[in-house]
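Note that the chains take the letters A, B, C, D, E and F in the order they are written out, and that residue 1 is the start of every chain.
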């Protein structure tokens, strides 16, 4: 039906709740998450740029706002499920790609199909923008999990989410950004009052 | 961890919303859906029993309350997605089965594992109880879609859901139940006031 | 109007929230509660059957899924209110029975009225299925209250609900089930992390 | 425990939803309803005062803000249920009164008990303030039902609520207020755009 | 359009959430808040009357139920924002007054305009009723903030709201009411179980 | 406190609901809105680029994701309020700017302050990116209002919002984008089934 249908489908992502099935004090939808990721990425791209790295802003813009679009097809399948086995993860990724392909061929006018195929492909590649996306996406997991722990959510899922995302961030190949996160922001996170002791959890991971 | 963990995980199904991502005037969770299915099935089993069919009530009880348990792993992936291609559907079914197997082996005490493997397998088989489950599950789609159409939901998804579920019910091999549904209940459905004209849609399918 | 109206009224139970008027971190509706009760009961019936007790599965199925149906008439009046005085409790029970009688006579087709009168009567009798229903119903109170305490709900109502339901379970005449609950499941409950100290509360009741 | 406990219990009324169990596009809690009733009553009292009637403002204030306080005990039991039979209605009223009595004796300090017994008793008496309360309470039913009909809610309950409340208002012994309602406000209500044809329904009642 | 439009606009206040933008375990709308304020004010007016003060009940009734009506125009702008600078506060107050003036001139029939101008003006003046309104309004901030702290909300906003409102109450020129609040009610508040230590916070302010 | 505090404040925008105080079938928060605006803008920028216009993608990225950030201070004050008088609008804009200035000076580290002052200033300037932002922002009003009209929301606000936003779009100085919107997308919008007759409303505006 065209771009109108594409724009209408964006509304669907406002109804897809992250971490479906788990108890949480506050829900987040995929649309709002995408916006937060685009904000985090812009900040760290600024740090990188200030340190002499050349940023392709168009690419970063495209990657961040589109990185979860495929969730309109199969929803936000929990990270633990995705990673239950490498084989299962691969199968789910394949399903998403097939659905996206079908969507673009059926709904997007021919003249825009190449642009959409480019924009909707997996964004977490080895480019600096791909690494910034990975950092921003994991950072939102840190913040979502942190907020639950801070308010006393004892579900082990959020503890695991916090720890896993934190570990992944610390290994991303963006030395200046990771260093700023670790030396400045993480200090502020640990200084916050929290029902569950996030400071100890964080320190344990930092000394690893 | 055992049965306690299994019981706690049931709570997750109260947080899995059916038809995620679509606009709806009223949301339904998978736990409540399972209860409604167990009610519909009991009613139609009574009709069948009154007509001389022998019902295995234990089996019907097991099939109805467990038929969507696997959704704690990958959520309620929309029917249209499931059926996008037979290949995709098969892949998703396979993922669910693998997750369920893993869950039973990890969480259920050894002594209860055979019982759980039996109860958690696909229930929609060729037995009379399997067919009653199919009827009850489709009937809930009819009711969910009907309620949305009645209140003026113009999303094409619910129209399609109503039509598809209705067509499937009419073909189920339970002549007495289907006849009761068609000749008594469907008349009452068509007699209801409705913002979208459900009567015409229904009549069109009946004459096919 | 018939069975269609009965099926539509089931939807009402999805909108009746348990413990109305109290603050809770997570709400539960009566439909989802009924499903969880039917799950708990099936598990403990399996334990009893494994120990040589004969289970009438049809009866257990009927009792569990219908046990709160009368709440479509007067809602989930809080347990403390019900028990404020034996006289008040009796009056409320009487109101519910009268409403149910009226509903069956007005809405259910004549041919099905005897079945409905049988299914909708109070299920918590002295049969093994009646006791399993009582156990399952109280167990859901334990789980609902536990989840609130675990997340730091200081409302005295949930503490009382937890204690009262626990005490009642320990006195139900189903030795094998109660023993499994006490010796296995309760240990897992006490091992969970919790904002409010559920372990001490539980131990205090166990030594009584 | 005293006035603190009384003030805390007011919060409960924010969680009691009117018309529990029915589908509605918009929910209303008993606290907000009480505020709207106190607003309607003040307006019509002004009309009466302008026409020479003496208003006891303290009494009107007390009656309107307290008229549904007893719902903290048994919730908002639907009007149709209340009126299913005069006997049932009487029983429920009796239950509420007993609970209120118990609450005042247990929670309110002795020095304030007489004031609370006076304020919490049934307010819809034959005084002008009692009649203003009745008018205001029914007017909120008119507005709640109207809003649902206007948005296309086909549940017969709201049609009945609109019609019943409207008929009752037209018979209240407050000629100036009822006349203003009928000749000015009802014209504005009928002039509103509405998915369900409220104008015809209203005109039918007016000609009775 | 007249009084009908005014009554319809009251519904808007049920959708205006207090403290927008902050995380809270429980939301409160402005309509329900207004009702609670009218309840608190009635109680303290009773205390004052018992101590020989003459209460203008009509004025108190008008002041309490109308004090936040202007929020239908610009919503509940957070207290910290309002007070960011005296200049900003003054500007926002001016905006509200202009909107209210416009509303009355456009929507309220001429005959009722003087009454509405009187009722909708700022109520917190130096009269005893103005001081009772101020006390009641601040008390609701105390209760809202207390409930969040009690459940473990670590947002600094609620701590500040609790402290600020408490300090203001203690300085209001209603010696009997403030003394009752301080010597009776505040003791009960401090005796409550709470995830965040409200007792210490309160004691610190009392010794100031 | 630094960037951590800035990132935490983004969460606030997930709790600011657009069009506060109006009844709507579906709510939208400011974070999700910002994401949709960044998507619309990217699409129309592509159209412009395809027609030879040079796009500053970094600027477009910055403008779209930040354009409503100031709403964390005073919320989403309804468009009609904003435009009640040019004087009021100017005052509110001034308040927002003052709050933003204060926030940057207090919370953002000195080294990043120039970047934040640049990014947080009003984005709807005369540049092509400023015009794309204006188009995208108005388009989201069109979609939000359209969805309400389609589902039968009779609130005059949404009709006015649809009409006003549509008229503004048609006058934006981006001939290629506006032409695509008008000749392709608007046809698809008018072809949709809708409870309220959006087609006629749209045609009336097109012929103006």
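To be clear about the criterion, a contact is a pair of C-beta atoms (placed from the backbone, for glycine too) under 8 Å apart; a residue touches a chain by one contact, two chains touch by 3 or more.
None of these values were measured; they are calculated from a predicted model.
Novice: By the touch criterion stated at the start, how many steps lie between subunit B and subunit D on the shortest route?
Specialist: So the least number of steps between the two chains is 1.
Novice: Between subunit C and subunit D, two touching copies, which fits better, same or different residues at the interface, with half of the numbers shared as the threshold?
Specialist: Because over half of the interface numbers appear in both copies, subunit D and subunit C meet with the same residues.
Novice: Determine, using the mean of C-alpha atoms as each chain's centre, which chain is farthest from subunit B.
Specialist: Relative to subunit B, the chain whose C-alpha centre sits farthest away is E.
Novice: Tell me, please, which chain's centre (mean of its C-alpha atoms) is farthest from the centre of subunit C?
Specialist: F
Novice: Rounded to the nearest whole Å, what is the centre-to-centre distance of subunit A and subunit C, using the mean of the C-alpha atoms as each centre?
Specialist: 41
Novice: Measure off the straight-line distance from the CA centroid of subunit E to the CA centroid of subunit F, and report it in whole Å.
Specialist: Comparing mean C-alpha positions, subunit F is 33 Å from subunit E.
Novice: Per the centroid of Cα atoms for each chain, what is the distance between subunit A and subunit D, given in Å?
Specialist: 49
Novice: Find every residue in subunit A that makes contact with two or more other chains and list them.
Specialist: Residues 11, 13, 23, 25, 147, 152, 195.
Novice: Make each chain a node and each touching pair an edge, then name the shape: line, ring, star, complete, other.
Specialist: Per interface graph, the chains form some other shape.
Novice: Under the stated touch criterion, can you name all the chain pairs that qualify?
Specialist: A-B, A-C, A-E, A-F, B-C, B-D, B-F, C-D, C-E, D-E, D-F, E-F
Novice: If you look only at subunit C, which of its residues touch subunit E in the complex?
Specialist: Going by the criterion above, the answer is residues 23, 25, 152-154, 195.
Novice: Going by the contact rule set out above, which residues of subunit A touch subunit E in the complex?
Specialist: Subunit A residues touching subunit E: 25-26, 147, 150-152, 192-195.
Novice: Which of the residues in subunit A come into contact with subunit F in the complex?
Specialist: Within the complex, subunit A contacts subunit F at residues 1-5, 7-8, 10-11, 13-14, 28-29, 31-32, 34-36, 38-40, 42-43, 46, 55, 57-58, 60-62, 65, 112, 115, 139, 143, 147, 180, 184-185, 188-189.
Novice: Taking the touch rule as given, give the residues of subunit F at its contact with subunit E in the complex, in rising order.
Specialist: Residues in contact with subunit E: 11-13, 15-17, 20-23, 72-75, 77, 81, 84-85, 88, 91-92, 94-95, 98-99, 102.
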